[in-house]
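Below you'll find the structures, each written out as structure tokens.
Two complexes follow with chain A in common, the first pairing it with chain B and the second with chain C.
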Partner chain A sequence: MQRLRYYLRIYFLIETQYIKSKMQYRDDFIISGIGMVFSSLTTIAVFWVLLASIPDLAGWNFDQLVFIYAFYMLAISPFQILFDHFWQLRFHVIEGTFIKYYFRPLNMMFYYVSEMFDIKGVVQFVLGIAMFIYASIRLGVVWNLPQVLLLLVTMISAALVTISIMVIAACTSFWIYNSYPVLDLARRLREFSPYPMTIFDGFFKLMFTYIIPIGFVAFYPAQIFLNTGSNSTAVYLSPLIGAATFALAYWVWMKGVNGYTGTGS
Partner chain B sequence: MALIEIEHLSKHFKLLNRREGLKGAFLDLFSGNYRTVKAVDDISFSIDEGEIVGYIGPNGAGKSTTIKMMTGILQPTEGKILINGIEPYSNRISNARRMGVVFGQRTQLWWDLPVIESFKILKEIYAVDDQTYRQQMALFEDLIGLKKLYPVQVRTMSLGQRMLCDIAASFLHQPKVVFLDEPTIGLDVSVKARIRDVIRELNRTQNITIILTTHDLGDIEALCQRIIIIDKGKLLFDGPVQRVNQLFGVYRTFKAQIFDYNDTTLDRLKALVQDRFADPDAVHVEENENFWTDIIINQEKAPLREVLNLVMSKFELEDIRIVEISMENVVQKIYDGALL
Partner chain C sequence: MRAYLATTRGSFLAYLAYRSGFIFSILNNLVYITIAFFLWRSIFQGQETLRGLTFDQTFLYITLASSLMVTLKTWTDWEISHQIVSGSIIMSLVKPVKFQWLMMSQSVGFSVMNFLTVVVPSVLFLVFVFQVPFYSGIGLLFLPLALVFSFVLNTTIDYMIGLTSFYTESIWGISATKDIIILFLSGSLIPLQFFPDWAQQTLKLLPFQAMYHLPLMMLIEPEQPVMTYVMSLGVQLFWVAALLALARLFYNRAIRVLRVAGG
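The block that comes next holds the complex of A and B.
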């Protein structure tokens, strides 16, 4: 508990400084904020047009699909905000700058994560909330306390799944020279997650449910709130899958960290 | 008990024997043909509290591998390291709490933040109490005038300023040992001198052990009482700096670019100096690249002035330089038995 307080204090200290310093580059902050609004809006627009032109997708109507998509946007925001620099891990590993993370008396993943706070991700998060509220109202989803708690648990699990998949992909840079294709593949796979898993055939459905569990980023957990009455058992596995994938990601990270030899001086 | 104890330490890396060409590269994909490289090979030494030890050797000698083992990044293949009674690799965090590190050009301060914020963050990370913090910051103000740098972002600092801040930061939590890797690399002479003064003062006032790796013999001369030299992973010398000082203190390399250089020039030059200085260790001539010739002079046996006059009386020189002996030459001299 004391350890947790220690880490939280350091985390908030570093993050507030970071945000403060980021805001000092006012132009950059405003422009990238606007950029993120537009890029999120275009993605949403494409999705919107696509769905609006078909009456339903594998039995899911437009509002339900928006709900799932909003869930997806919220679930990927923590990665975007806190872990986005895992894309850069490969440069630290190749150039040897990664060794500095060994020198502080801190958990190394914590130290690495503490150096990131992407404000653009916050924009995405806010848009996600707006869509989520819109879809909830249209679908008449009831938000009482148990539902909200359930939402928090499933949302955190979903976020952990996205984070874990990207962390594992990034950690391949400890063993291979160019991990970009792996990260890129992971991102592309992740982009399947706002679609109903039922549109995929057997093989992909199995893979997205049990092997690379992107089904748990949005589709399965979102169903809990949609009351479709056809929830498969996979839906309730969500928290378990979140914890398990993160444990696996942390294990892979530690493997990489413990075997890293750095570059010659 | 000594602060740092290293016994029969070795680190081996397994490397794939690569074959040539595209076909070779393809075959390598399935090859189990590894060779073992002994980056550090059976090294033992111990270091007491408060010492400044120069840990030196040519490139690829195994210096940074040893440092990486002492800082807990690498696991030794054989042998053991104890720092403060702790084994660094399996106790990285507790070891890190009592250690400071400055790694050459790479700062560990928070790049985008004003430097004072880095110190505040470090205060929290190392749980430095308020009184110690104030006292250390006052000391840094005395030594490097830190206060005027407080609002400066680390990324906008000059290399010298940043290095001073990095060094100060590594001493903030009063660690038991600080590792300084090439602290003066790339800096001009006056800044080098300043950094050496700061390091010396910090060591003196805080009684903190310092392990210094450097290529700059000036750093060694200015700071170390003791040096450990390694080469090809093996311990070559461990002792007081004075003994080695004689080695690099008396030698000078007179570099000359001789006008109208041809095939016979080198032989004529060799004959000329041998004629005057019979002792083979007094003056040694060797060819260098781009028509430069190195004349390595032992000043105890051959006064620099005499050698210069002799050479200039017989040869026309386009350009000259006089430099101190290099690390590689020191190591070579030791191999040749200079310290025996």
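The block that comes next holds the complex of A and C.
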């Protein structure tokens, strides 16, 4: 408990410094915020354009798709806001600046992620909440206590799945250096998680459910709340999948960290 | 001219230094093609045509749009921003060459490499795995030139976005916004035919459709009258001229606010 308090205090201190240093680029925050809004609304715009030509997407109407997408936005926010530094891991590894993270009496992953706090991710989070409320009202989703608890559990699991997939993708830089293409691939897979997984069949359905579990980032957990009666039992595995993928991601991180030899300068 | 060719050659070599990324870039595109296949299959749901396009045409349009996007991704905006923030832009400015052509000749190298390493395998994948039929017709003759225009339009927009760093000294936000706008309004995410009529009319007045939609239509409907394609090239040429002029104006303005601290 004391350790937790110590870590929270450290986190707060580092974050304050980080935000101060970012304050000198105020324009950047505004432009980035706008960029975030645009990129968040693209998928909604895609749904909107498509549903002008067809009555539903694999059985899902516009409001339901917005609900699933809002769930997705909230589920990826923890990665975006707290783990954003992983996008830069490749630079630290290539240039050798990663060495500094070995010299602090702190958990390395904690210290690494604490160095960055993505303010623009907050824009996405707020937008996600707004969409979530909008879609809930339109669909008449009832939020009683058990439902809210279920939402929290599934949301945390979904966030863990996203974090794990992206962390594993970023950690490939320990072996192949330029991990950008891998991260890009992971992001692309992630972007399809709000689409109905029922469009896939056979091998791909299995893959996106169990091997690269992007189905658990949004579609499977979000449909619990939509009462469509189409819940597969796989939905209730979501906390298990969240914990398992995170354990795997942490293992990959440790493996990479322990094998890193630096650049010699 | 020799200086620009040397830059292009340099960018070939720089690309080769990070070749381990190839496989993932190809994989990335193949994954997208596969997902697009399932997505559009479920959208068509057995219907012969939607909005005047068959499934095969739509699928070809979408997947080649994605491959074209990979080809055109040369990070010019990021490169310029990086040079401005680090101050190394001075080294580019003192050279007796035009900055814009320097950046463009670097892009040529990257684009050609992207094309060879990502697009060629993707097309083979489309032909052999998805057995997509390619169409033949007079339109294909116009395609190479149309693609050159797409490249010039894309790199000019990237160049102008990069120049905004003279003012903001940061790039993520504006570059991401640009990517999204092009992605959505050029038809590369959803073919323009699927947009509501009023939106289609508006999008036809913007430069983005000239980058993706016009060349892609030459590929999926190559049997239109020749005039259609001449018109398309005309529209592209108009935008090339307009954007190049705009870029020149913008550069002359932006260069005045450049401040480089130390060296």
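The rule we apply is simple: the second predicted complex is superposed on the first by the 255 of 265 C-alpha atoms of A that agree within 3 Å, B and C clash if a C-alpha of one lies under 4 Å from a C-alpha of the other, contacts with A are read in each partner's own complex, and residues count from 1 in each chain.
By definition in this document, a contact is a pair of C-beta atoms (placed from the backbone, for glycine too) under 8 Å apart; a residue touches a chain by one contact, two chains touch by 3 or more.
Since the structure is predicted, the reported quantities are computational estimates derived from the model, not experimental observations.
On the shared subunit chain A, the superposed partners chain B and chain C are arranged side by side without overlap. In the superposition on chain A, contact of A:Trp143 is made with neither chain B nor chain C.
Put chain B and chain C next to each other and count what each touches on chain A; the higher total goes to C. When both complexes are overlaid on chain A, the residue A:Leu106 reaches chain B alone and has no touch with chain C. Once the two complexes are overlaid on the shared chain, A:Tyr18 sits against chain B while remaining clear of chain C. In the superposition on chain A, no contact is made by A:Trp251 with either chain B or chain C. By the touch criterion defined above, A:Tyr210 lies against neither chain B nor chain C after alignment on the C-alpha atoms of chain A. When the two complexes are overlaid on their common chain A, residue A:Phe91 makes contact with neither chain B nor chain C. In the superposed model, A:Gly262 makes contact with chain B only, not with chain C.
Note on the superposed arrangement: chain B and chain C approach each other to a least C-alpha distance of 11 Å.
Overlap of the chain B and chain C contact sets on chain A: empty, with no shared residue. Contact residues of chain C toward chain A in the complex are 18, 20-25, 27-28, 31-32, 34-35, 38-39, 41-43, 45, 50-51, 167-170, 172-177, 180-181, 183-184, 189-190, 194-196, 199. By the touch criterion given at the top, residues 6, 9-10, 13-14, 17-18, 21-22, 97, 99-100, 102-107, 115, 258, 260-262, 264-265 of chain A touch chain B in their complex.
Of all residues in chain A, only 25, 27-28, 30-36, 38-39, 42, 45-46, 49-50, 52-54, 57-58, 120, 176-178, 180-182, 184-185, 188-189, 192, 195-196, 198-201, 204 touch chain C in the complex they form. Interface of chain B with chain A (complex): residues 13, 59-60, 63-64, 68, 71-75, 92-94, 96-97, 99, 101, 103-104, 106, 108, 110, 112-114, 117, 120-121, 124-127, 153, 181-182.
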